[in-house]
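Have a look at the structure below before the remarks.
When the chains are written out, they are named A, B, C, D, E, F, G and H in that same order, and each has its own residue count from 1.
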Amino acid sequence: MDRAALEALLGDVAAGRVEAAEAAVRLARLPYADLGVARVDHHRALRQGMPEAVYGPGKSPEQCAAVVAELLGHGQGPVVLTRSDEDQRHAVLSANPGALVTGRTLVWRPAAPRDVAVVVVTAGTADLPVADECTAVLAAFGIGAKLLADCGVAGLHRLLDHLDDLTGADAVVVIAGMEGALPSVVAGLVATPVVAVPTSVGYGSALEGITALMAMTASCAPGVTVVGIDNGYGAACAAARALRP
Amino acid sequence: MDRAALEALLGDVAAGRVEAAEAAVRLARLPYADLGVARVDHHRALRQGMPEAVYGPGKSPEQCAAVVAELLGHGQGPVVLTRSDEDQRHAVLSANPGALVTGRTLVWRPAAPRDVAVVVVTAGTADLPVADECTAVLAAFGIGAKLLADCGVAGLHRLLDHLDDLTGADAVVVIAGMEGALPSVVAGLVATPVVAVPTSVGYGSALEGITALMAMTASCAPGVTVVGIDNGYGAACAAARALRP
Amino acid sequence: MDRAALEALLGDVAAGRVEAAEAAVRLARLPYADLGVARVDHHRALRQGMPEAVYGPGKSPEQCAAVVAELLGHGQGPVVLTRSDEDQRHAVLSANPGALVTGRTLVWRPAAPRDVAVVVVTAGTADLPVADECTAVLAAFGIGAKLLADCGVAGLHRLLDHLDDLTGADAVVVIAGMEGALPSVVAGLVATPVVAVPTSVGYGSALEGITALMAMTASCAPGVTVVGIDNGYGAACAAARALRP
Amino acid sequence: MDRAALEALLGDVAAGRVEAAEAAVRLARLPYADLGVARVDHHRALRQGMPEAVYGPGKSPEQCAAVVAELLGHGQGPVVLTRSDEDQRHAVLSANPGALVTGRTLVWRPAAPRDVAVVVVTAGTADLPVADECTAVLAAFGIGAKLLADCGVAGLHRLLDHLDDLTGADAVVVIAGMEGALPSVVAGLVATPVVAVPTSVGYGSALEGITALMAMTASCAPGVTVVGIDNGYGAACAAARALRP
Amino acid sequence: MDRAALEALLGDVAAGRVEAAEAAVRLARLPYADLGVARVDHHRALRQGMPEAVYGPGKSPEQCAAVVAELLGHGQGPVVLTRSDEDQRHAVLSANPGALVTGRTLVWRPAAPRDVAVVVVTAGTADLPVADECTAVLAAFGIGAKLLADCGVAGLHRLLDHLDDLTGADAVVVIAGMEGALPSVVAGLVATPVVAVPTSVGYGSALEGITALMAMTASCAPGVTVVGIDNGYGAACAAARALRP
Amino acid sequence: MDRAALEALLGDVAAGRVEAAEAAVRLARLPYADLGVARVDHHRALRQGMPEAVYGPGKSPEQCAAVVAELLGHGQGPVVLTRSDEDQRHAVLSANPGALVTGRTLVWRPAAPRDVAVVVVTAGTADLPVADECTAVLAAFGIGAKLLADCGVAGLHRLLDHLDDLTGADAVVVIAGMEGALPSVVAGLVATPVVAVPTSVGYGSALEGITALMAMTASCAPGVTVVGIDNGYGAACAAARALRP
Amino acid sequence: MDRAALEALLGDVAAGRVEAAEAAVRLARLPYADLGVARVDHHRALRQGMPEAVYGPGKSPEQCAAVVAELLGHGQGPVVLTRSDEDQRHAVLSANPGALVTGRTLVWRPAAPRDVAVVVVTAGTADLPVADECTAVLAAFGIGAKLLADCGVAGLHRLLDHLDDLTGADAVVVIAGMEGALPSVVAGLVATPVVAVPTSVGYGSALEGITALMAMTASCAPGVTVVGIDNGYGAACAAARALRP
Amino acid sequence: MDRAALEALLGDVAAGRVEAAEAAVRLARLPYADLGVARVDHHRALRQGMPEAVYGPGKSPEQCAAVVAELLGHGQGPVVLTRSDEDQRHAVLSANPGALVTGRTLVWRPAAPRDVAVVVVTAGTADLPVADECTAVLAAFGIGAKLLADCGVAGLHRLLDHLDDLTGADAVVVIAGMEGALPSVVAGLVATPVVAVPTSVGYGSALEGITALMAMTASCAPGVTVVGIDNGYGAACAAARALRP
């Protein structure tokens, strides 16, 4: 239920078309549905402009399926399942067919496409799974993304060759592991929001992404913002917040 | 020099009003001015929509004064000096009077006020210097900010009492030290960009802000973005990117 | 052997009903029984008000079975096996049937139910195994627990909806991974003991629970206490100490 | 304002002795008073059974004095200022005389003494400032404390000699730096709540208290709970929660 | 070749019983034998009073077998293989039968038993594999060890019951994971060398043994010495150094 | 395409033998080829004197094969695949036969042997896989290497015996895990470039190579340089930079 | 009171020369003297073969003077004050003259010189204060020490030149900061106990001594033992344990 | 004494011009001179091609002066004092006038200028003190350096404008704090040795230079080598090794 649906409901009450008691029942459902192991947050679309995505790890396939079903059955917006494993996907899709599947991310009822342009840049090929999670979630928000893969700073011309794409975007998501240098370079080239995603790509002193995370939050470029390691979902949400209608 | 000034110059060349050689001289000045110890980046306003701010620590008072003078003398936009100490402020203001002084931050030629609303929330009173840096830099961009101080999560009603301020803002900057919990709570309440600033407030396991930084980048709330520890300047730039005209 | 049994024995000696030598033999058994690889601490019920629980990892199935048998055979109180794996459970239950099995936790001879109320709150669904360990051990102490699952701070209304449960409890155990913000919020709402359990839920900068541990020990809420990562057993013991008869 | 005062007010409204509008005004004051730089939380006594203590670091002497004055002027319970420096103490005491001063901790209007016994144990002499903060805050709650100083585990007999004190206490606060071993030993001896406080005493691998913090949260003794490094105030609050009337 | 053998050789040269050239050939063999992938250090018995033990991890079964064979074929002292896996043991024992096998440790040609007494104490049952490595290597040196298992500080009486064993030993090896408190307690009770071995037993804030390592090197007990995590072999060598004939 | 090929092309344009348009097409290919998931950097030989090596982890076997094919098909220099797994090797070699296979490293079209001498020293046998990666990549550059294995500092004579090799080399690569002491010793003996490679060999406080990395960058020997943990490839490239023709 | 004095007392009781009650009074004094802020451990000489040294930091000058006076007045053995500052030294020496002062270490009543030889080696000149603390405390035990300063591994000949000193010693203390490589080299050369002391000498990745601590506990040389960072006192106690009469 | 001087001496012995005994005396002086607190390493010029530089911190002014005097009196090559403070400089220059003073670095008897070109690049103005140490030491080796200051990656054009300087250099030293991204970019542009120096410039997640150190050793650019934090001296030595005659 989005803000428009809420306002319509309240309007109906004001106009006497809906009983206050009936409205209370519907609104009581708003905040969340208690499934015992999960409290499904139907209120989120209203508060945050985004549905509660279901995070797979730590949930049984049955729990995943139940939460997705609750979200699909009692809301109207997009529904997202992230970081699913094979068993979870099987259970969830059996019970809730029709999802778009991108790697480990599933999307049902994506929002209508909007006229905003996000560019997603990765430093290396191994960062692609994170980029895929990001673009799939952006698609759920109705936001298209152009992917520029393998543009690491050791070969700057690969990035500079796409300067027009970068400066023309409404927001840029920059995904990099190892030393995490790419967001500083990109943020020096564009005026739009730059969301940096450190990845766990690399070994040894890459420290499973901590080095990139620290580097990005210590960036010399003004206004770089950072989300969690490998958190393509979070980057998509951050971009959606910046580009909310 | 902003984009409009650049396009005017190029138009003059196209129309024959300015010699190509003359334009080249002016454009050659664009990228930066080499002061020996610093390369002043006049190009930044064009590329990033923001001037190069001067970061005080590690520069002599004379170096600070020279860089500020260069920026004031060869550009038209706002100029910012951050983290200045007493000696630097004395030297810089003697040579370049007329700045707005907010704590350790100085601003010359702030942009005209714009019609956007940023809310800056702090968890505690000790976070105020970071908030001051942020609001001063936002003012340089022409962006006003409403400050909500001392709204830590241990007394939620202090925050919830300002829910209208939060949901009505175009962006929210959340500043917190210690356990850094506040951005997760705020991001659960609003749909706008949330820029979280970990601070070095706290002791012991607060780890000089590292704990808050880690907590914020591990936030369970979707789309929280994080800048560096105590980096009020960076948060202002991030907000300005999200709210660029 | 609990304090009452000890006092009875000493009374018997004083009254001449038991020989001093015989009492010495029984008391000599008190401190511990040396099984070669383990020293079973029968004294613990007397000293700490709680039996020695058997921690599964690092013990062979045979060792687990022997220690449990020793505890069941020479004491009268509850016996607990935690973090058991499949092989251990099989061996232990074959030799010592009759346990209550909750996930990886087994309980024999739980204490009689007491009239105290503990609320166990989790931030997410993935924290449930830790909550299960906690409630199973509380049950061994005769303490019932009400579970509130999936009340993370990004959807505060899910928590605030249960304010009566929280304020009515004798103690609250708060279980959270990622940024570990929930205990600060809960401790701001109740006057009772708050035992925070950081979990290893989350990835990247959650640092396998270290981030939550650091955040919880840096909490801005007064009087939050913290046990080890994923240590549902320890939280139950802490609650039992606070609520000892 | 405590719960009794609140219930009296509500009773007055119900009985028509107080106008609803008047009650609203009084209740509106309840949550907090906005002093601009701080939101004084008058609601805390009601919610948490403890007043908001004022934490000195990061506040100006004037801010400290104002917050203390607000708390003294609009409440009835104890007021605490912790970690004050010389200048803060001077300003606060000039404006608000009558405090009990214990090291860096100031207490006004301590609660009436209660009949509960807390034992505070320190591993070394250098841990005494943390113990002093703890006992001063306990006194504000009306809780007396017996101090056992310098009982580190390298000389166990110094601790065992006070076994009766330990087992007779209603709660034990254990304060230790360096390797932080003392809480494990104490928790093995008593059945009551054990609140462990790691201190920054020690050098090198003591890591400013992090080693003790990690050791205490990894304790092999069941039910040890831990507060932040050097956080004597937090330990007192934790004990007060466990011993609330 | 030990010092006696060396002196005999040199005496033979001095007396003309051995040609200088022949002695040179034999001595040239002394330092090491280059097997291509390993340089077997025959000199070590002379320099350090102990043979080079073969550390299994990272070596192929064939490499293990070849190094052991070289050591057995060109020396007279004990030979040790540590941390072997199943495949390594099979290959090494096929080529070099006759070893004493204790868990993952193999010993050939142990030294004659000496009249010194080492006590090896463990905090828990899960520390036993480290204790086994230690006692097996001590046996290779001809040093017997008494094992006291499961004497963690949460049940001090289990340790104090063996005070005579501890004070009567020539050296004590103390093995503990989790908070690593046991060496501090033991070192407070005995005057002999105390070698502390942190183990990776425990989870969460035990940090795979780092917490115990830090705690032990920050010990408040004077003269505790520490070897690497899980390094039972190193502890045995340290004890052997302290007790060298 | 190397610098000579580029200069030839430009000469052709200058002499009218090649059309500018045609040259532009060829040069446009220079920077990189966009394979969608990877941007193959043909420019690298020109800029850095070395081809882009393909790093296996995170790439599918098909991606590896495609990138190698692109590099072989549109360049003339050596091509390297590192850290390949079994599946990747199978796919790549099926599509691109003729590689030299050394452990996980594959080399096609190695450069002609040059007259420079690199010595690669390892502290232990378990460091050999890193040494193999290094020598294989050096061979791709046409640089031969002499391997001195198992020369750890605990048996210095094994190293000092090869002093002539060390002092006669044009560069020395020193590979060590655990405490990482070997580079300091070697750098004290030679005047040539010393490239230190920390390895993840060791356990416990070796911290997966971090200890060796920190130790090497804190070396007391002047001019030791360090590459990433286990990065034999990087060490070879560093040596090649120092010895470029 | 040492073991001989204790046995004499007990003999007196057995022979009737001392009343049991009188002996009890004297023995009651044995364990410790409670000075309020410190418990002076007179028992330590009996248990550990060493007096309780007074650690200066965190104690007031008056506390230092009182504890030293207690130790001098009620015991017969050596008394040590370590890490004293100027004010403490002034207060302690005024009240308790006659100490040997070595840097920050004071010794009263040193034991009679014994016939054992310890060599103390430092890697650099900046490690000398730690070496001084160690040799001063060794002198208190009656143990002489030969100091070899500035023998870092980058100039091995400086160490090898003293091979006879090293191999002739009864124990070797090795003190090093930065990469902490020296103990591994020394332990490869001698058969005696090697006590390694990491120091906080160095900057950057030396991490205030943590790097050296980690390196030393990860040493490839068998039987290296490690004490805390900068802990010259602990190293002396460890040597004294290894060389106890 | 350099290699030529050594060979001349040996030739004199061979030709009978110098007595073997006399040569032994001179050579005995070679390795080092024992000043008690320091062993001055005259051998280093021979072994490493560079004199022992004197590191100021931890040495008294008198010690500094004595070591410099020893080096000047018994050698012929350059002598360097680094990280000196005001008192040290005063003492050293009084006793040993004639040094070139660059910030905290002093150089006596610099080598004759050589025909090699090193470029030193810094990311920011605050990195200049490290650059100064580096160029001063390079000058001692007879190596000139061109300094490019303030070329951080957030304004790439400042760097790219100097591409000819970079590609024309024989070696490049890259000095950067914060996220440490600059070496990756530079190493992607040149074929020569790249020595990266992390600096402690920055705050918060810059972690006093650890972030930059980790980032640089995790660099995606092949062959980047790294020295210690702020170690301009080490970078100069590394460059000198790479460019040795």
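What we mean here is this: contacts are C-beta pairs under 8 Å (C-beta built on N, C-alpha and C of every residue); 3 or more make two chains touch, one makes a residue touch a chain.
On a predicted model such as this, the values are computed, not experimentally measured, just so you know.
Under the contact definition stated at the top, the chains bordering both chain B and chain H are A. Using CA-based centroids throughout, the chain positioned farthest away from chain E is B. A centroid comparison over C-alpha atoms places H as the chain most distant from chain C. Because chain E and chain G share one sequence, their contact can be compared position by position; here over half of the interface residue numbers appear on both sides.
Inter-chain centre distance (chain C to chain E, centres taken as mean C-alpha positions): 38 Å.
Averaged C-alpha coordinates give centres for chain B and chain C that are 49 Å from one another. The distance from the centre of chain F to the centre of chain H, each centre being the mean of the chain's C-alpha atoms, comes to 26 Å. Of all residues in chain D, those touching 2 or more other chains are 124, 155, 187-189, 204-207, 210, 213, 217-219, 222, 228-229, listed in ascending order.
A list of each chain pair in contact follows: A-B, A-C, A-F, A-H, B-C, B-D, B-H, C-D, C-E, D-E, D-G, E-F, E-G, F-G, F-H, G-H. Those residues of chain C lying in contact with chain E across their complex are 31-32, 36-39, 41, 43-44, 52, 55, 57-59, 63, 198, 200, 208-210, 213, 228-231. Those residues of chain B that touch chain C in the shared complex are 123-124, 152-156, 178-181, 184-185, 187-189, 202, 204-207, 210-222.
Within the complex formed with chain A, the residues of chain B that make contact are 47-50, 53, 187-195, 213, 217-219, 222-229, 233-234, 236-238, 240-242, 244. Across the complex, chain C meets chain A through its residues 124-128, 149-151, 155, 157-158, 161, 201, 203-207.
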